[in-house]
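All remarks here apply to the structure that follows.
A, B, C and D label the chains in the order they appear, each numbered from 1.
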Amino acid sequence: MDHPETRAGQIFSVVMSVLIIINVIFVLIGTLQNQPQALSVTSSVVEIVSVVAFTIEYLLRFWTADLRYPGSRPSVARLRYVRSGMAIIDLLSILPFYLPAVIPVDLRVLRILRLIRLIRVFKLGRYSAGLATVGRVLKRSAPMLVSSMSVVALLMIVASVLEYYVENPAQPEKFDSAFAALWWAVSAITTVGYGDVFPVTVLGKLCGSVIALLGVGLVAIPTGIISAGFVEEANRGAEAPQPAIHEVASTERSAAST
Amino acid sequence: MDHPETRAGQIFSVVMSVLIIINVIFVLIGTLQNQPQALSVTSSVVEIVSVVAFTIEYLLRFWTADLRYPGSRPSVARLRYVRSGMAIIDLLSILPFYLPAVIPVDLRVLRILRLIRLIRVFKLGRYSAGLATVGRVLKRSAPMLVSSMSVVALLMIVASVLEYYVENPAQPEKFDSAFAALWWAVSAITTVGYGDVFPVTVLGKLCGSVIALLGVGLVAIPTGIISAGFVEEANRGAEAPQPAIHEVASTERSAAST
Amino acid sequence: MDHPETRAGQIFSVVMSVLIIINVIFVLIGTLQNQPQALSVTSSVVEIVSVVAFTIEYLLRFWTADLRYPGSRPSVARLRYVRSGMAIIDLLSILPFYLPAVIPVDLRVLRILRLIRLIRVFKLGRYSAGLATVGRVLKRSAPMLVSSMSVVALLMIVASVLEYYVENPAQPEKFDSAFAALWWAVSAITTVGYGDVFPVTVLGKLCGSVIALLGVGLVAIPTGIISAGFVEEANRGAEAPQPAIHEVASTERSAAST
Amino acid sequence: MDHPETRAGQIFSVVMSVLIIINVIFVLIGTLQNQPQALSVTSSVVEIVSVVAFTIEYLLRFWTADLRYPGSRPSVARLRYVRSGMAIIDLLSILPFYLPAVIPVDLRVLRILRLIRLIRVFKLGRYSAGLATVGRVLKRSAPMLVSSMSVVALLMIVASVLEYYVENPAQPEKFDSAFAALWWAVSAITTVGYGDVFPVTVLGKLCGSVIALLGVGLVAIPTGIISAGFVEEANRGAEAPQPAIHEVASTERSAAST
């Protein structure tokens, strides 16, 4: 059995989380140049251990899928599991390791395969219960967030075309197209401000100031939406004893009692 | 008939939205230098197709204005439509195409006319129902937002004059007037920080630090106002089943049933 | 009589506000070099007109102080007015003009006197009713804001001393003392990021990353406090018909009816 | 007796706070190079005075520990005090002064000991009652804050590996490993934007724009969580007359009455 509320289940969670984090750190380390022999050996060992662990995990989950979907027959349950979002992430986490053994690939493809290993990060989502509330709030606020973010995107495009026409004569090499100006607009509206591109003319600075101030306002809108979402969530939690978590718990319990 | 809640109306919305987004992207592409022949031909085709589509849309809306304002006579309704905000945006979206054909214009004016095409972006507002809530919250918070933003503006001016007097002796070419210092103040208070102008003297850095910290606080004020607006909106929505959207829906239904 | 709720009072408000804004703009313009003759003449005219207007305003307010404080005797009321915060700002706005006529001052003092003219900006506070709510919320949140800001200040000092010890060996000319590191810390925590000073060592970048992330969190705290303040204000407004504004209105009405 | 609600207790609080702040400022000043003789003498005097004061404070607190924990016997109470968080900070504040006298240390260790003096800043926490609410809100929001911050951390790692693969061919010296890209990702997501590292390729800028926009969104999440925390705190405060502060006051009173 896979995820009981027992001590074994908790140890399994922690071990898998640690393994995933070690994996991500080794993807970072793997990009270092002139690595000593010992490091690349360790890296390979970590890779093999994690692929084996993740494969066993995948097969176990596949095998016990009928406990996850109690109503359906084993074969249907397994098919339902394979098609679920987390199962696809699980599969993509281990596939890049097995693929080169089955079909020959060149070095370029191999590099992209290595990148796909990063998808293992998303496996962590399963083990973190605390993210559930954040996810729920974001999901509920999604329509308004998408709308306001699309307004920001449109504003950026308008700003970049305007700034291109204003600044192009003064610095033709930096504002060589509206796309270069778009990079500036993103940097100004998100208030990152790298300082590689900025307006130099008086009119350009005036537009740039307005954009920066609008940027502050437009950062305030998603923040406001999300804040209201969390306030609403807190109010609901005060009234009802958090049905969403309750529901998960009952599912787990039924799985454990089987 | 124009905007029924039917399937045809939905398809119309999506087609128009896609057309507008393609248009905006082609305004961006139009600023690229050394464009291949194929691209500029495509660009012209897109321009002609959209102007034709937008003209037909405008004429249809003009024609069916009496359905939009059920109480008034056709001629009055059409006049009311022409004077409405969205109709002016619709007209400005197509006018720059027809103008050069009617009266001869030089290249400089033509450039500005091209810029006006960007106004088509605002046509999207009509098709996005999700923005309604955001707009309503911003409208209700407007007086407080304007007040606090004007305080920020005044603070910026005071900061820039102070910083000009402090920094001018140390870097006379960068802080050559209070307007140059104003550009710095905008960059510091909005926390963009391009890095093209910054204080170098001890007193200037001290002032700059205070300004940056005030900037953080003053970003917090509009965010707080907007957050409170969304919380209020959510509370209202919990009590009454969102009257504003209901109202729009009933208007649309009555228009459709006519 | 000074500020009735009549049409004359409203016109007076608008005229004074415009005069103050023109004044501030001319302080900005006054810092431009190589000004044409016409501009400096206009500047002097604006200065004389505003000083005359502000002096008349001050004398009128002084004269009608007994209407403002109905209970007290005229002489006591006038003394109370002179000691009020707005009256001191009013006096400081006009004093720098009269001072050089009374006592001889050198050029250096004259420059500081010119800066004091900027205090006229704060006269605007009187004419903007919209700022009342923002001011009230900030006043109520002040203890928590000051506490959290002082934590930020202490964190900055700790961060700068740490970063000084870490980065000093690598870039001794940029991190020459903890004060230079403090300038970096302000720039990092407020997320301005000019880019004139930044860590280059691995340990320095690690500390810098932690500081930047803490900065994000610490920007969130004042925003949260202010948001809660506005939500509370909105809730109060929904229950009682805004007593603070009501109170002001009744004071004004009683002043007008006298 | 140590902290009565009497005038003597208040004076003690203020004197200790001022002493701590002077100490922190002298740690900053101590990093200045080419100090005049007078300054280093003052610095030594400040150090000796504060160590004496802090030692007396520590001993007094140790002695009166039985008043702090009324139920326990004197020896148990003193042990409980020594193990409390604030007592450890108190001890670490004075230990680095006495250590070199007892055991010989080399210059390198001495430097680290000097750094530990900065821990005195945290002694201030005891004297600031205003921080209690902020601390309480942060403590209650901690699980959600940690969850969302870990998502940001994971996003940063994914972003840096992606950006490394995209930008490495274009600027191999700046994006020499994923760790260099991680430094860029921190700078972009926190919207600091120093401008020492930034993408130059089209694909890199596209990824960078997405990261910057996600950064804005992910700054909004902790802000939203903390805002909701303060709103909840304000709602509780409105219902009950702030039990936490009441509790502290009653403890103090009982300590004073003993």
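In this text, contacts are C-beta pairs under 8 Å (C-beta built on N, C-alpha and C of every residue); 3 or more make two chains touch, one makes a residue touch a chain.
Bear in mind the structure is a predicted one, so any value in this text is a computation, not a measurement.
Trainee: Name the pair in B-C, B-D or A-D that forms the same interface as A-C; by residue number, over half of the contact pairs must coincide.
Mentor: Equivalent chain pair to A-C in B-C, B-D or A-D: B-D.
Trainee: C-D versus B-D: which interface comes out with more C-beta contact pairs?
Mentor: More contacting C-beta pairs are found at C-D.
Trainee: Using CA atom averages as chain centres, what separation in Å is found between chain A and chain D?
Mentor: Inter-chain centre distance comes to 30 Å.
Trainee: How many Å are there between the centre of chain C and the centre of chain D, using C-alpha atoms for each centre?
Mentor: Their C-alpha centroids are separated by 30 Å.
Trainee: Can you check how far apart chain B and chain D are, centre to centre, with Cα atoms defining each centre and the answer in Å?
Mentor: Computed value for the inter-centroid distance: 42 Å.
Trainee: Two or more other chains in contact with one residue: find those residues in chain B.
Mentor: 179, 187, 191-195, 219, 223-225, 227-228, 231
Trainee: Taking the complex as given, what residues does chain B use to touch chain C?
Mentor: 143-144, 146-148, 150-151, 154, 157-158, 160-162, 164-165, 176-179, 182, 187-188, 191-195, 198, 202, 205, 208-209, 212-213, 215-217, 219-221, 223-225, 227-228, 231-232
Trainee: Provide the residue numbers of chain D that touch chain C in the complex, in ascending order.
Mentor: 24, 27-28, 30-33, 111, 115, 118, 121, 124, 128, 130-131, 133-134, 137-138, 145, 149, 152, 179, 183, 186-187, 190-196, 219, 222-223, 226-231, 233-234
Trainee: In the complex, go through chain C and note every residue touching chain A.
Mentor: 191-195, 223-224, 227, 231
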